[in-house]
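Below, chain A partners chain B and then partners chain C, in two separate complexes.
Presenting the complex of A and B:
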């Protein structure tokens, strides 16, 4: 069996398909991927046998069999021969937790980067821009095994020129580096990238504390990695945007939702604060009680679909995040397809709900 | 310095390799040409040839040989 090839999808604008058109095309692609992985990956086939009661006809995206994302922490799932493995990506995961292992071949890795570049050029324009990374260069020091954060920084730095790190090894502001960067690129658009929590903790709060104001009015901030730590400090998206405006006069702040298990096909925020599914990917919101489909406006567990995973069976995954579908094809930004909001981690909700039945182990 | 000499120099300086290693060198063949090394090489080439490479070209730049045909698209001829 030949591996599916979806490189012709790169010809389209990433938000060009209405939900109807997309559902038809993407269902076909994902059915092909399901078949491919069933043949290539014995463990995946076994998982399907256990998880999926009805392997009957698949007519829409909702019918594609999905597997829980945590399975990549428990099993080595790959659909290629071991000598074709080009890179193994691992998820961050705090101490004590197992990490996901995602096996990539050259073709899958290249397609991930190309799709990411289509999504980023929608945000940054066609040209690569001078880039300020809100992190420490030491994040890339251990080249044999850098973290998910390092891998993310490296992946995005492809869209930058004159890549400059804004923090030093102790995660403090590197003012000489920042000032040199500003002097060199004064008045031109710049790309500012970092993880949401790092930008908040080590950039916004540090600038506030020191009373420094940076003239980044042409800066475009792209950030992701989740809101968990900021929710603990009651910082939401509005507060985040507002703070960046006040410390650095940044007018354009773009959040994204994505995960190492589906690198490349990110869900990027539009100018109205909505996350959008690009043509290469989609989201489905499922009711926790029976995995039925939640309606627009109703909270559900987020299932993510992507046509990129070819070397590992990660094309349809049930995440551990809660979200809500805001609408389809009718966002004011005119991007077609579904748009949504992420509410937070599911485990929190579970813990709260079950605290009186299960003892918490300490 | 000819374009080919500049090109060879960029590889040698970035990866600390010998001339004799270059002709069939591919991305990830040696430890130094990993993803970090790749971006360093791209930055060096952009500076030496005063070009800005397109993202797709950075992705496709998979070997010493392929790189030459990519730079040819920017009117940088090695011959």
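Presenting the complex of A and C:
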């Protein structure tokens, strides 16, 4: 069986398909991927054997069998021969936690890059911009494997020129570097990239504390990585945008939702603060009670679909995030398809039972 | 009374004392099993707990209070060994589990009934159940009637710290250890006094045997009782209790079993839907576990779901080490095993409780004994899985925590 090839999808505008058109095309593509992975990946085949009583009855995106994203922490799931592995991406878990391992071949990695580039040109324009990364350059040096943070920085760096790191190795503001960057690109649009929590903790709060104001009024901030830590500090999207406006006069702040298990096909925020599914990907919100489909406005567990994962069976994943579908095809920004909001991580429940006791605590 | 008896004092350790005075004031002069002091104290505790309005919120506290009624303890004392003269071993250290809030109280009560002085280390989880029970015990200890038991009892907290447990382990005459295998092995590697005995309650595995014919013949009321019993066995502690079933063995013809399944599980689902809305993470946990089992376990062919309340994996035969695949929050393996040959071939010393319905417990015990297997310590009706008692995990706890003074 030949690996599916979806490179022709790059010819379309990322938000060009209405939900109906997209559902039809994407379902076909994802069915093809399901078949591919079931032939190529034995573990995936075993799951399908148990999950799917009646293969061939897939009529819509909601019917595509999905696997939990957590599985990539427990198992090496790949649909390529080991000599075809080009790089292994890992999620950035804190020490001691298991990390996801995502196996990429050259083709999958290349398609991820192309799709990301397509999506970013919608935000940044066609030209590459001077780029300020709100992180420390050591994030790339210290790891053998690609952590999600390192991979994100490397991936987004392709859209930047004169890439400058705003933080030093101790995650403090590197003012000489920032000032040199500002002097050089004064008055021109710049691309500012970082992880939501890092931007908040090490950029916004540090600038506030030091009483520094940066003239980044032509800056475009792109950030992602989750709101979990900011929710603990009661910082929401609005507060985040306001803070960036006040410390650096930034007018354009773009959040994205994405994960290392589906690198490339990001869900990018529009000017109205809504996350949008591009044609290469989609979201489904499932009711916790039975995994039935939640209606517009009803909270559900987020399932993400993407046609990029070809080297590993990650094209339909049940996340551990809660979100809500805001609408379909009718966002004021004119982008077609589904748009939504991420509410946050599913809360861990307290463990009850007699096996957890004296030494260990989860 | 006590001051005249020479004994090792418990040193003043840096622990938080929840019940009782400071550790060095402790008296460890043992009593006989089921002493009038013990029964009178526990009986009074039962009455106080039932009078506490917050007991309504905590069925597990109510179950403990019900168990330690004077009448129940008197009944137990009558069936206890009357042939020999016995006395408590002395000082017993209890390491209670963190996540079963009232187990510490049962452990303490067993220690008291056996005639011992007891130090119970409870977890730092601050369960409200522990607060209620410890509060009532402390109040009772102010009553001069309970001076002796008060002098022999401490409930303490300290961080999961090796040194304090090690020091107490060197002092005591018996230890009652609850915990996972890793914890138990760690605790058992500590040096104790040479005469010290340990009663260990490590990880166990439990199952349920259902007779299909009986389920098909049962009236609505009987089915209601069955599913509510099964609910208590499984869901009160999220299927994490050692005695909660993870495997359901069906007996009967294939047709009868199919009919019984389609009666039992939907009734179970209906009951669950009236009881609670499970946290979303439980659904993801179960689904993830299902996929993991599909990859790791050979021979799991089909899956049935009752919404996300119950996941059932159907097995054609029972695989060895099935206990390594246990799930949580309502995740079951199911198989037909009419002569229990399958079960007997996989039972090992991890197997603890068999709950049953429509099958005679006596016949199950007979086949366990005939087969000469190393597991299964308990066969009880569905609904009784969590009912802890003085016989547990195959131990006669009161007997083991006391010593015999022989005359010949």
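Heads up, the rule we're going with is that the second predicted complex is superposed on the first by the 340 of 362 C-alpha atoms of A that agree within 3 Å, B and C clash if a C-alpha of one lies under 4 Å from a C-alpha of the other, contacts with A are read in each partner's own complex, and residues count from 1 in each chain.
The rule is short, and it goes like this: a contact is a pair of C-beta atoms (placed from the backbone, for glycine too) under 8 Å apart; a residue touches a chain by one contact, two chains touch by 3 or more.
Owing to the predicted nature of the structure, the values given are computational and were not obtained by experimental measurement.
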item: Which of chain B and chain C A:158 touches, first, second, both or neither; value: first
item: Partner chain(s) touched by A:127 [first = chain B, second = chain C, both, neither]; value: first
item: Partner chain(s) touched by A:114 [first = chain B, second = chain C, both, neither]; value: first
item: Contacts of A:296 with chain B and chain C, given as first, second, both or neither; value: neither
item: Touch count on chain A, higher of chain B and chain C; value: C
item: Contacts of A:175 with chain B and chain C, given as first, second, both or neither; value: neither
item: Which of chain B and chain C A:333 touches, first, second, both or neither; value: neither
item: Contact footprint of chain B on chain A as seen in their complex; value: 86, 110, 113-114, 117, 121, 127-128, 140, 143, 154, 157-159, 161, 163
item: Chain A-touching residues of chain C, taken from the complex the two chains share; value: 95-100, 103, 121, 123, 160, 165, 178-180, 182-183, 186-187, 201, 203, 237-242, 244, 277-284, 287-288, 290-295, 300-303, 305, 307-308, 313, 328
item: Chain B residues within the chain A interface of the complex; value: 28, 31, 34-36, 39, 43, 46, 52, 55-56, 58-60
item: Residues of chain A that touch chain C when the two form their complex; value: 43, 46-47, 49-51, 53, 67-68, 70-71, 74-75, 288-291, 301, 318, 320, 322, 346-349, 351-361
